[in-house]
Every structure is written in structure tokens, then in C-alpha cells.
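Naming follows writing order (A, B, C, D and E), and every chain is counted from residue 1.
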Amino acid sequence: MSEERIGVYVCHCGSNIASVVDVEDVAVWAKDNLADQGVVVARDYKFMCSSLGQELIQDDIKEQGLDRVVVAACSPHLHERTFRNACDRAGLNPFLCEMVSVREQVSWVHTDKELATQKAKAMIAGGVERVVYHEPLEPLRVPINEATLVVGAGIAGIQAALEIADSGFPVYLVEREPSIGGHMAQFDKTFPTLDCSACILTPKMVDAGQHPNITLLSWSEVERVDGYVGNFTVTIRKKARYVNEDVCTGCGICIEKCPVNVLDTNFEAGLGYRKAVYRPFPQAVPKYPVIDTENCTYFKRGKCKACQIFCPTQPNSIDFEQQDQLLQVPVGNIILATGYDLFDARRIPQYGYGRLANVYTSLEFERLCNAAGPTNGDVVLRDGVTKPEAVGIIHCVGSRDRNYNNYCSVICCMQSLKFAHLVKERTGAEVYNFYIDMRTAYKDYDEFYQKVLEEGTHFVRGRVAEVTDAARQPGEDGKIIVQVEDTFIGKQRRIPVDMVILSSALEPRADSDEVAHKFGIACSANGWFIEKHPKLDPVATMTEGIYIAGCAQGPKDIPSTVAQGAAAAARVLGRIQQKELALEPIRASVIAERCSGCRICNNMCPFNAILFHEDRMVTEINPALCQGCGTCVAACPSGAITGTQFSNEQVLAQIEGLLMFGVNGNLANELVPA
Amino acid sequence: MADKQFEPLIIGFTCNWCSYRAADLAGMSRVKYPPNVRLMRLMCSGRLDPEFVLKALRGGADGVLITGCHPGECHYLEQNYKALRRFLLLRRTLKQFGVEPQRVRLIWASAAEGARLAQEINKMVEEIRALGPLTWRDVISANGDRPLEALPAEEVTA
Amino acid sequence: MSDKPKLAMYWASSCGGCEIATLNIHEHILDVDAVFDIAFFPCIADFKVKDVQGYPDGYIDVCLFNGAIRTSENEEMAHLLRQKSKVMVAFGSCAYEGCIPALSNLTTKDATFNTVYLDNPSIDNPDGILPQPVTLVAEGTLTIPVFYHTVKSLDQVVKVDYTIPGCPPEPHQIWAVLEAVVAALTQGAPLPPSGVVGAGSVAVCEECSRKRDVKKIKRFYRPYEVDPDPDICLLEQGIMCMGIATRSGCGALCPQVGMGCRGCYGPVPGVTDQGAKMVSAIASVMDVGKMGEIDEAVLERQIEAVYDSIPDPAGTFYRFSMAHSILRRTRVAGNGHGKE
Amino acid sequence: MKYTYYPGCSLERNAGAYHSSTLAVAGPLGMEFQEVDDWNCCGATEFIAVDKMQAYALAARNLSLAEKQSNGNGATMVAPCSACFLNLSKCDAYLVKDAPLAEKVNRALAAGGLHYTPGSVRTRHLLEAMVTDVGFEGVAAQVKRPLYNLKVAPYYGCLIVRPGFLDKFDDEEYPTSLDKLMRTLGANVVDFPMKAHCCGGHMTQISEEVALGLIYRLLKNAADYGADVITTICPMCQLNLDAYQEHVNRYFGTHFKIPILYFTQLMGLAFDMDPLALGFGKEFIDAAPALAKIGVEPPPKPKRERPSKEALPMPMMPEEE
Amino acid sequence: MTTTAFSPEAPVLARTRRSFMREIVEDTPGGDPRLEMCIQCGTCGGSCPSGADMEYSPRRIFAMVEADMREEVLKANTFWYCVSCYYCMVRCPQEVHITDIMYTLKRKAIREGYYRESSASDAPDFSETFVDAVLKYGRSFELGLATRYHLRHHPIGAVKMATGMGLEMLRKGRMDLTPRRIKNLGQLQAILREAEDVAREDREQIGGGA
């Protein structure tokens, strides 16, 4: 009979656990069968993490004199802190609490109730056996670096950076393009209020560019991330601009004089041109241009130098010898706001993009509408002159389609309604919106739909089958025909139009996996960064100190993006205000009297925490440097190194508990003395 | 239980930073895998003491799954390389103990590879199901260790 | 008989080295004779089993039991002596943890018989006769002990009070233990707490005078392949040395003379499985499989190539501790394991 | 390369020109065909409409014969007819996917002493095998009389690209392999947006009116883009566009005279083979006037029209990138 | 409500009530045809080459199936007008196996006789004539097929055929006057007979299959 007094708490998690695991049975079983291990109380409860659930544990600790607690609920990465804090409040050292993940590892991944229940029992047995060997510990405290890294300077990143900088803390804002601003800088009007995108965005860009607390690193990318929450070291590649930022005044003469015109597939979405030395748009922040070495005549052929010749600054701002720079910055927290890519509409050939001149993508149309765009805001056909008389707008291009992306891109309905309005306003053309479902669920959104209905836009409920120039009926010649089943009348229709706009899906960045990897976070199957909790912790990630905001987390509109940027900033500020961080007290230490000085462990530590004392011929571990991986513990052939929280006793006991049942319920474990 | 098909029991050691999170992710994405595997958390695959594996096999596991971060991605920089070296020497040793190599596996699974982890678990369960039970208890109490009088008649020769 | 305390020493499955070591305590043997009456000691005096059976329970004060449990006779004698003795001492590596006899746990009884009685150049056994537990002859029934499938340590069949490790235990240790017992018996001094006695509590390295550095082992060499540097840690020279995982007490005899420690004192206190610890420690310091090499197949190939220089890992790492290890023996598919 | 060859019912008669031209060009391209011994009908689109199990057993008999003929070496079976290709590859794919179905089909096959291991025979369309295995360079090497000036509309129809059960080799909406093959022969390939649309299939037998509408669309589209000939890869497509062209003209009051030729016939022509051996003359719409346009000299490169100053740039297509 | 509802493993069948839809799903080969995943977007109806001539678009047929309108569905001409172009199937955003479902509906309509009340009541006979030829010879026989079918349903067309296209086909050597038989016809017929038996067993077990 164990001397410990252990309480076991089994969470239903609503029905998340209880629908697969018979939680009541598990609790009864634990009380009846784990008494020898010291279990004196076992309860199940609807939501263990709720305040009532926590109080249940606290009351038991006080009233029943519990000295160990095992909570079988979700992953410890989610609620370990919650339950530890509950123990702490009840006067029990928080590290005497052990969590068993019966949601992520049982109810969510198994379907057979009987087997899942058995597995839950075995896992709880493991937790109980283990917790016996837990020791009261004090968390390690490390200072939090006050600086924050924000990756991606679209509206989400800008918002987050400004919030933090305004609070008086330093921010490194890294953007891989030559200018900050992101997709929002490309837009013309923003729904539902139709205010001008540039008018609301550029002041924020200027603020971010000039803020004394923001170090703006445009044309830069994060190379690697080391360290951990509170103490990251980030290596940033500042790509060569070939323009000396210290001297350049941003006068733009170099751009004017550059003889090379380059199709701008980036900012102008392929609808306009830029020079080989360029800034993406006139209001770019920072104002310094960048030389595109792929297209620059000097870089290609070794002559030209027009930009340098005409540069009026002293010394000359153009520096063809400039090299990439690697910067290392220490930061405490990181916000990823890396945005989205637009679905490549050429992947749906039947919509004709790339083949039929007057099929446009949504981004192309934004540029077409934009007063600063290639047509100065004239909505015209690809010939640059003709105003369309009829325009088709197709929703859900590449979204809600299992052949491409099975999610809803959220913004397309509203964006398409905005396009319908803009087309009407600029051309007076007949507008047809082709949609599957009209999704206008947000403040003032449905009102906008009403307005577009009032304007006389035609709404055809049906997913477009194809867009073709193969005329076969009178009135189709010279037009592009949108073929669709109008599902309300149940008939196939062929609607001749002059222009088609494809509301393309938002997709995760092509390199989102790579980026997630770099920062140690995860992507969902669709490729979006995964938040810590979809409802309750939407901007944190499973990796402490890394936050996400904006479309990198999933498709969303500008209001939500800005809200997330601010939310991530608030989380970071909260962290910074704590000044120091409580770290898991997971550390290795040498029992000096057991150490024979064999030196096997001496090169186990990449953090140089292991020292050998030649004089005493024993090894010692510096707890300040130790990160707690436990590699030296496993390596020590004399068992002279122990690790807190993951001692041999704890692990071996847990194994024993886990093996209490076979998968068919028969007793698997033979409790033999080794 | 004789009428049920053999269901292997597998103990899995996961790294706190990658594979345990992969298991979390598998859960969050509702990827299914058989309940034959019971995972426990270590801070790093470098913490894995070969004793843990032996203990699991001895205690009734039919297989042991060791998981860690991909080479080059260890949260502690390089400890998974040590885990790999230990695993390979342990595997050689276990072979001499008559433990088939399929029973003790090392796989790399990043925090993003929930589905892959589930796949590997599926695969391993299938493989071990095909190999049959290990039941080390029976290995130790094998025949010949019975008292004289319990010998069957056919072993008594003239 | 006098009322002196009674001493017994019995050999089960062992080589006899432990008896030699016991007699090798030099002039102290006279003290032993002075203090004890010998109650049973087949090596030096002619007692019969039935003599022992005739003793009342607890008649023997101290029984030094050496040798592993290999046959039914070994086991019966262990039970008998346990019953008749106040203090049971597992004496030497065989009784403690199986030692060399238990290496046969890496194979099967059939394979062992095959090597011993059938397939060996020095054997002349044309009829392939193998020992049979029971043989009927004209005169009646002959029985010999059953040869067990698995070799066990003494503590796996009876309760053991003290353990003296070593193959064999060093004479100074034996004397130290006997001295303590004698002191307890003659002067009423307290007995040491049960467990391992007469040995150190750290690893052999503690007693080894070789110079040690951070370990990076490129490959291993068999003893005949190299002429070791006399001053540097053998392991660092690629010579397998179990000293790092072996209990001290011997004075690091083998490493001091250029032979890697074989591990006969068993694991360091607090460690269960000496072999597993060796696997872990050795693999940890192999200088192969560098950071940056991320092609798993290449990595594996490199590491496996280095491990080829350890020809018999189980036999090496578990040379003495097989019976006491976690797994205890090998598993041979279809060869009598599991229920028949 | 050696292939098991499944000609299919159409090639025996109606599409005799396809058969003879296929065999004629196969030789120089190094494709060796061994016909499946005693093959039966693939079931077309009809059998599955009447009886599921029989339809799968029928197709599976061919697969089984091909498997047997390959002696377990993993047969590659080439079918020139798109419907045969679809039926056989689909049968195999579904037997792989649907284990209970495979078990039942094998029970049926067993009644004839046969068995089929799902996945063991890979059915490929002739065009796919040619462009993948021989390749465009291999074809180019045989071209002796390039089809200069001949404006060809490459017509794929449906079943070669849709739904694409195994090794999808070309886009299901806008395939290009036949375009490239025709360019390799020196022909002037016209854009033909309807190149993967339906020829009407068996609709000629169900509702001639509907069928003629479908055929009309294709002919009009090809004519709108100035095609001299339409080249096909499927006997059904050829039959519908060729034999019903006059019906279309009568019904719609049009005057189409577009010969419908198998791609292998055009290949043979470019390889300078005897037109008779390639089955020319069997077409309803006489090919001679169109073929007379084939020039000796390559046509001058069309001048790239300079876009007007105001014109906006077009997005680049993947092949241009 | 429970998380298992979203389990990718949970078989679709388990979610479907025993209904007309389930009958169709069970009788469609090649794995789950995903019929209940239809979101009524109309991609199929829009893509269908003969969609304009159908009484109900495929999308609408699926809605009717969902509504258990068994008779109306099986009497429709929709699936008889399917030309097997597979456009609907590759474009369907929900990956419904539409073409295969059309075949299943054809089989059901024939087996249960509803086709007679369809506006395309002749259509099945074409298929059956084709099948008969294959059962008889092992290969298709165009002349036989054409004449028998047309004589039965379009006598005037048959005359036209005989004088027009048919004659031309014969003259150009594109049509046989006599059918071609495969060598081992007995084997094929035995296989097809057995297939029919297997199918019958199946039907008895689950009911309604074709």
C-alpha cells in the first residue's frame, strides 16, 4: 500500500472525450483498482478545466489531503498549466500534478469505445505510477527579452508591430518584399465601406517606417531561429538592395532613368510594368528602391549603370558591390504574419484564365480598378480601351473544391460583391455573379449584398462549368460565354459576357511548411498555421513564444486580420510585462558521490552545460545552461546523472502502468522485480 | 481472449517538441490509428535510455516505437543523432536476444506530421500483428525449468 | 561439535574459482578456522547432502553459495541450504547475476547440448547419446538432474541476504566480509545492511589510474589488434572496457594491466541493466553520424559500419550479468517458448 | 518496346484505317505489338448500363488474358480506342479499389478457368504510349515529309483524359500532347477550345437531334479556327464526326467538309508511307482536298502582332514560362 | 455532435439511412461514390454536353434522390442522355462519382421497368441489343446492332440507314455483313453466366442491386 494520497480526475471535455471513452467507468475503475498505488479519490467531470472542475480538485486536495494529482483530459500542452495552477492554489506543489492525454491520444484518434476506454485506463495507470515519483519543484525563472520579431509586414504584421512599439518595446519588422504593405496595398477599395485601401493603409505604413521602436527590415528573410521563448536568437538575411539606404533620398531618378521595363507579376499582378531598379509602388515604405539583378542590364551584361550615372546623391547611392548581410537579433517573442498566396487560376483550364484575354483574376481586377494601377482605374478589356458591356464574376474559384482546396476562402463572396459594385459604378455593364452560396456573415456585409442587389446585379446560383469562346448560338460570337446550370431554374444557361473576373482562393504561402518548420510550429493539412486553440487561443501556437496573425492562420478579411494582429501583440505585451518567464524545472544534475569521472557524458551537451573537474575527477552540470533534454542522463553508465521531471524512476514507473492491460484487456504486465 | 485476433501492445516514446505534438495534431485533425499504441512523453529522443525499451518489452509490450525530430531539426540541436546511434546498437543487441528488428522502431516525426505518425503507427501495428505476440514472461519461464516429476512420460527414456 | 558458528560453502554451476579465491585469503584462513566450524564445504571436506538434510533449520550461520542455477540439483541445493542457513550469501558473479554460465541464455538448451555432446571436434559420441533425466536400466531407474533451459541467479530461486560480486571476488573483499560476520558473531557488532557487500559504490573508473579525456570513439579493436598506450583510458583507444558501467571494488585490476574491464562486478548501484547502460554509453560517444548529415540511410550505413567492430554486443555487454538483466535470455521463435 | 495489343471491336472494321495505320507506324517507332489472344468486347458504354457484374467480368476477361499472356511480367496493354482504354483501365482501377467487387469478378472468371490479379495489367492508350515511350524526338526522327501548311485541329474527345484512372498523362480539360505530336509532324496546329468535348458517343442512337447538336459544336469550333482536318484518337469520335457530318450539314444548313483522320494516318503520311496502307479513302469526308494543301516548304513564321500601346499584358501560360 | 461524425474513417454508408440513396450508393462499383456529399452547386448540370436536353439536370436528380423520389427519378431521361464524357465527374468539387451513378440509375430503371415511362424509352434497348450481340459473339456487331435496333424503333431511320450511311459503310469496308465470333465463346459465356449468379446472390443479400 502506497503512502501517497493520489486524486485522479477524468474529464469528459463535453462529449469530446466522453463520447468515445466511458469516463464514469474509468473513474470508478481507477478508484477501485489503483488503490494500492495510492489513489484515494477518482472523479469524472464534464469540464475539468472549468473553474468548477478546478475547484473540485482544489477542494479534494484540502479536504482529502491529496499529495498527488493526476488529470486525464486533453494534451498537457493545452492545460497542464491550468491544473498545476489549481494545485498551487490549493497549496500543493504544482509539479506534483501529472496530466494524461486521453483526448488527443485516445478519444480523438480511436473509435472503438471499449478499446479506447481500456487504453485510457492504462494511460491513467501510467500517470498514477509516475506521479508517485514526482517531487515538489520550483520553476526556473529566466528574464524575457523585451524585443519582438514580427515576420511579414502586411496589415496584420504592421498592426502588431505598431501596437507593441507604441507600448514602448522594440520590434524587428521583417518583410521579404522591398516594401511593407502586403496584399492590402494592392487593393483599390475595401468592403463593405468602400474606403480606399491606400488611404487607410499608407498612414500605418508610414508610422511603422518611422517608429523609433521599430527596426524595419524590408527585403529581408529569416534564415534560422534558435533558442526558446523569452530568449530567441533570430538570424535574418538582409538581401542586397544595391542601393545604399544611408545615402539614398528616395528621389526616384534612378527609376526614371532605368531603361529596362519588366513585367511586374508581383505588385501589379502581371497587369503592368516596372523598371529593373524599382520600388513596388510610389508610397512604398521604405522609400529606397531595389535593383532586380535578374533583369538589370548591368548585372546581365556588365554595362549600363544608368542608375548610378544619374544618381544625384553624394556619395552615390547605387552600390553594385553590395552583399547580403546576416544579422543576429535577440528577441523574446515572435509573431508570424506571413499572409497568403493567391490561387493560380490557370490550374482550372476550363475557366480560360491565361488563354482567354478577358478573363481576369481578382488581384488583376484590383489593379485594374486602382487609380494608381496600370489603367489609372479604368475598367477595360485586355485591349486597354474597350469598356465591357457585360461582366461575369465567378465565386469559389479554387475554393470549396476538393480538386483544389476544400475550404471556403471567406472573403470571396464579399470581394465579388465589391467587384460587382465597382464594375457597375465604372462601366454601367450588366454584371452576373455566379455563386454556390452567398456568405455575407459579418457586420454590414449583408447590407452590402442588399445594396448590390439594388444596383441590378444578376445573381445566378450555380457553380460555373466552363468559360469559353466557342460560340454556337446567335449572339455568342466575339463574346466569352459563361456556361452554368442556373440551379434555381434547373436549366443550363450560356451567358455571353465581355469580361470574366475569377474570385480566386486564398492559399497558404507556397513555403508555409518550410516557414512553420523554421519556427517550430505546425501546419494543418491545408497548409495554414495551426493555432493553439481554435476558439480560446486563436493567435498562440503550440510553441511557446510564437504567435500567428492574419491570413497565415487561415483566410480572413481585413477587419479580422487587423484584430488578430492586435490580439497577437496583446499576447506578446502580456508576456513582456511578466518580465521573467517561469520555465519547466526540467534539469539534469550529477550525484557527485556516484560519479566515477568516466567522462562519457562530457560531450553530450550542445549547450556546454557539462563541466569536468579535473581536480576532483567528477563531472558537474551547470543548471543555468542545461536545457533539460536528458541525453546525458541516458548516457551515464553509472546512473550518476538524474533528471527532474523525467527521472528513470518516473519513466520506468509510467511504463509499468501503461502495460497494466493488454489491448484485449488481459493483464499484460507482470509486476516482477527486475 | 483466444477467439480474438492477436492485438499487439506497443509502447511509444515521443519527444516533447515534435512527435508528442504530432500526436496532438493527429488528435486535433481526428486522424485515426489503432489503440494498440500507448505513447509517453520524454523531453527528447536523446533521453531514451535503452533500459526503457527493455523494461517495456519485459513488461508485456510486443513492440516499442521510438520517435524523435528529423535529423537536423532536434530541439536540442543534435540529440536525435545520439538517439539514432543508441537505437542502432540496441537493435543489434536485441537481435541477439531474438527480438525481431520490426518490433523496435525509430521514426522521425515533426510536429506537423500528425498524419504521418498515425500512418507509421498503423504500419507498425500491422507488422507486429503479423509477427505475433512477444510475451517475454513466457520467454523466461520456458520449458526445461520444471521439476523432475513434472516431466512428461515420453521424455523418460530407457 | 563445538559451539562455534557454522560456515558452509557450496558450489552450484560454477568454475571453482570462488573456492580458490576463498582459500586465497592467505593466513586469514586460520582465523576462519578459528572462528567457524565447517558445516558443509564439498571442495575441502567430505560432507554429504544427507548430512545437511539432517541439520536443523537455521543450523548453518553463514552459507557462501557460489555458482548459478543451471540444473534442478542446483536449485534443490539452494533451497536446502537456504532452509538450513541463517545468512545466505550469493558469492561471486555466478550466484549474483549468472556470470559466464548464463551466457548460454543467449542460445537454447538444445544448442548447448549439441555443442557439448554432439557437434564439437573433440567429441566421440557416434550414437549421439544425450544426458537423459531418467534412464531405466536393468537394475532400476537412474536419474540425473534436469538441465534447465534458462540459467538463473541465486536470488531468482531463494532469498539472498548478502551478495559478494566478482569473478571471482577479490580475497581482500572476501576477508572483509568474513571479518564483519566474525565481528558480529563474536563481538555482537551489527551486521551490515543486506545487499552487496565488500565492493565499491561507483564505477571501476574511480579506481583506474589511466588518464581520461572526453570520449570520441571511431571504432573498436579486439585486444590482439592493438598495443594499447599504457597511460590513456582504454575506451578512448577503442578497446572495449566495461569499467564505466561496472561496480568498483576490484581495484581496476584488468584495465591497469591493459585489458579492458569485463564487467564482472556487475552494474553500478542504482543501475538495473548493465548491458543496456553499456549500449547507451558506448553509442553516445561513437564518433560517427555527424550533425548535418540528414540523409537517414547514409547516417545509418555509417553507424552500422562502425558497429561492425563490436562483433558480439550482447555477449560483451552482458558477459556477467545476463541472468540478472531485464530480458534475462534470448527468445527463439518456435523453440519451446511460450506455452506448449 | 513490346506491348500487348488490344485492338477492340471497332478497329476490326469500322476503324480499319486506324488499325492499319497504327500497325504501319508502330514498326518504324520500335513499338512491337502482340495482340491479346481471343480478346472480347470491352463492353463499350452499353454493358455497364445493363449489368454491372457482367460488365466487369467481361472487361476482366481481357485483363486476365493479358495477364496470362505476360507470364506474370506485368503486362502493358495498349488500346487505340479511347472507350476500350477507359473500360479496361477503369475495370482494373475499380478492382484494385473495391476488394469485394474483385472477389466477385474473380468468382465469375473462375467459371472460365481464369483469374485476374487487380493491378497487374496496365492499360494505356496508344497516344499516351507513343508520346511517353517513343517521345516527340523519336517521332520527329521518322518524319520524312512534314505536313507543312496543313491546319490540324487535334481532337481528344473525352475518355482518353477523363476521368484518368491510372497515370493521368495529360490535362483532363485542356490536353496538349496531341497538339505537340502534330507540331512534331510539321503540321500547323490550330487552337481548338473544344478539343476535349464530347463527340456525342452513342447519342446518335438515342437522340439523333441531340447528337447532331454535339457534333455541330465541334465542327463549328474547328471551322471557326480554320482547321483543314480534325485528327482523332478514337474510333467513336471519328465515326460521329465523319459519318454524321453530312447529317449535320443538312440539319443545320451548314457546309462543313472537314475530313476526320486518325492521328496515326497523319503520322504515316509524314513518315512518307503509302496512303492506301494507312487506310486513306475509307473516310466519308474525302481527305484528298485537304491533304493537297500540304506544302513542301515550311510556312513562314507568322509575324508576332505588336500589341497596341494601351493593351494590357496577358498572363503567361505554364508552357511559356 | 460527437467528434466521430467528422472521422475520415467512418464509412459513409453508416451515415446514410436505408433509402433510395443508399440503394444507389451500394450498387455503384469502385468504392464510395460520395453521393450524399452533393452540395447542389450545379457544376455537373452546367458541364453536361446534353444537359440542356435533359428533363432534370444531374444535380436535380441528386436532390430528388435525396428526397426519395424514386419513381420520378427512375422515369427521368437524364441518365439515358448521359454520354459518358465524365466532365461532371472530374469537375465535381465534391468528388461525387456522377457518371458511375448515372450507370447505376440506368441499370435500376431497366431492372425495375421504369424506363418504359421515360421519354427516352428506346434507349435501353440499344444497350440491350449491344449486350445481346456481345453475349452471342463475344464482340460487337455493328450491322446487326444498327439494323435490329433501328428496325424496332426507327423503321424509317432504318431505311435511311440502309440506303445512306449503312451502304456507304459497307462500300468503304467499314462494316461487316456477318458477325465475328471469338474462339472461346463457351468460356466467355460461362464467365458471364457465373457473373449473373454472383450478382443474383448479391441482390438477394442486399436487395435492389443490378
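We take it that contacts are C-beta pairs under 8 Å (C-beta built on N, C-alpha and C of every residue); 3 or more make two chains touch, one makes a residue touch a chain.
Quick caveat: nothing in here was measured; it's all calculated off a predicted structure.
*Asks:* What's the minimum number of touch steps needed to get from chain C to chain D?
*Replies:* Minimum number of steps from chain C to chain D: 2.
*Asks:* Could you run down the chains that neighbour chain A and chain D together?
*Replies:* Of all the chains present, those in contact with both chain A and chain D are E.
*Asks:* Count the C-beta contact pairs for B-C and for A-C, then tell me which is higher.
*Replies:* B-C is joined by more C-beta pairs in contact.
*Asks:* Using CA atom averages as chain centres, what separation in Å is found between chain C and chain E?
*Replies:* For chain C versus chain E, the centre distance works out to 79 Å.
*Asks:* Could you tell me the distance, in whole angstrom, between the mean C-alpha positions of chain B and chain E?
*Replies:* Here the centre of chain E sits 51 Å away from the centre of chain B.
*Asks:* Using CA atom averages as chain centres, what separation in Å is found between chain D and chain E?
*Replies:* So the centroids are 23 Å from each other.
*Asks:* Please tell me the distance, in whole Å, between the geometric centres of chain A and chain B computed from their C-alpha atoms.
*Replies:* 34
*Asks:* Return the residues of chain D touching two or more other chains; collapse runs of consecutive numbers into ranges.
*Replies:* Within chain D, residues 173 contact more than one other chain.
*Asks:* Where does chain E touch two or more other chains at once, residue-wise?
*Replies:* If we look for residues of chain E contacting two or more partner chains, we find 3, 7, 9, 87, 90.
*Asks:* Considering chain C alone, which of its residues make contact with at least two other chains?
*Replies:* 272-273, 277, 280, 284, 326
*Asks:* Spell out the part of chain D that touches chain A in their complex, as residue ranges.
*Replies:* Result: residues 171, 173-174, 193-194, 216-217, 220-221, 224, 308-318 of chain D touch chain A.
*Asks:* Going by the contact rule set out above, which residues of chain C touch chain B in the complex?
*Replies:* By the definition above, chain C touches chain B via 72, 106, 109, 132-136, 143, 145-150, 272-273, 275-277, 279-280, 282-284, 286, 288-294, 296, 299-300, 303-304, 307, 310, 312-315, 317, 325-333, 336-340.
*Asks:* Quick check on the complex: what are the chain B residues that touch chain C?
*Replies:* 49-51, 53-55, 57-58, 70-72, 77-78, 81-82, 84-86, 88-90, 92-93, 96-99, 108, 133-136, 138-140, 142-148, 151, 155-158
*Asks:* Show me the residue ranges of chain A that touch chain E in the complex, using the header's touch definition.
*Replies:* Per the touch definition, chain A meets chain E at residues 15-16, 19-20, 107-108, 111, 350, 396, 400-403, 436, 461-466, 483-487, 490-492.
*Asks:* Please give the residue numbers of chain A that touch chain D in the complex, ascending.
*Replies:* 263, 270-273, 346, 348-350, 353-355, 357, 361, 364, 368, 374-375, 380, 382-385, 468-472
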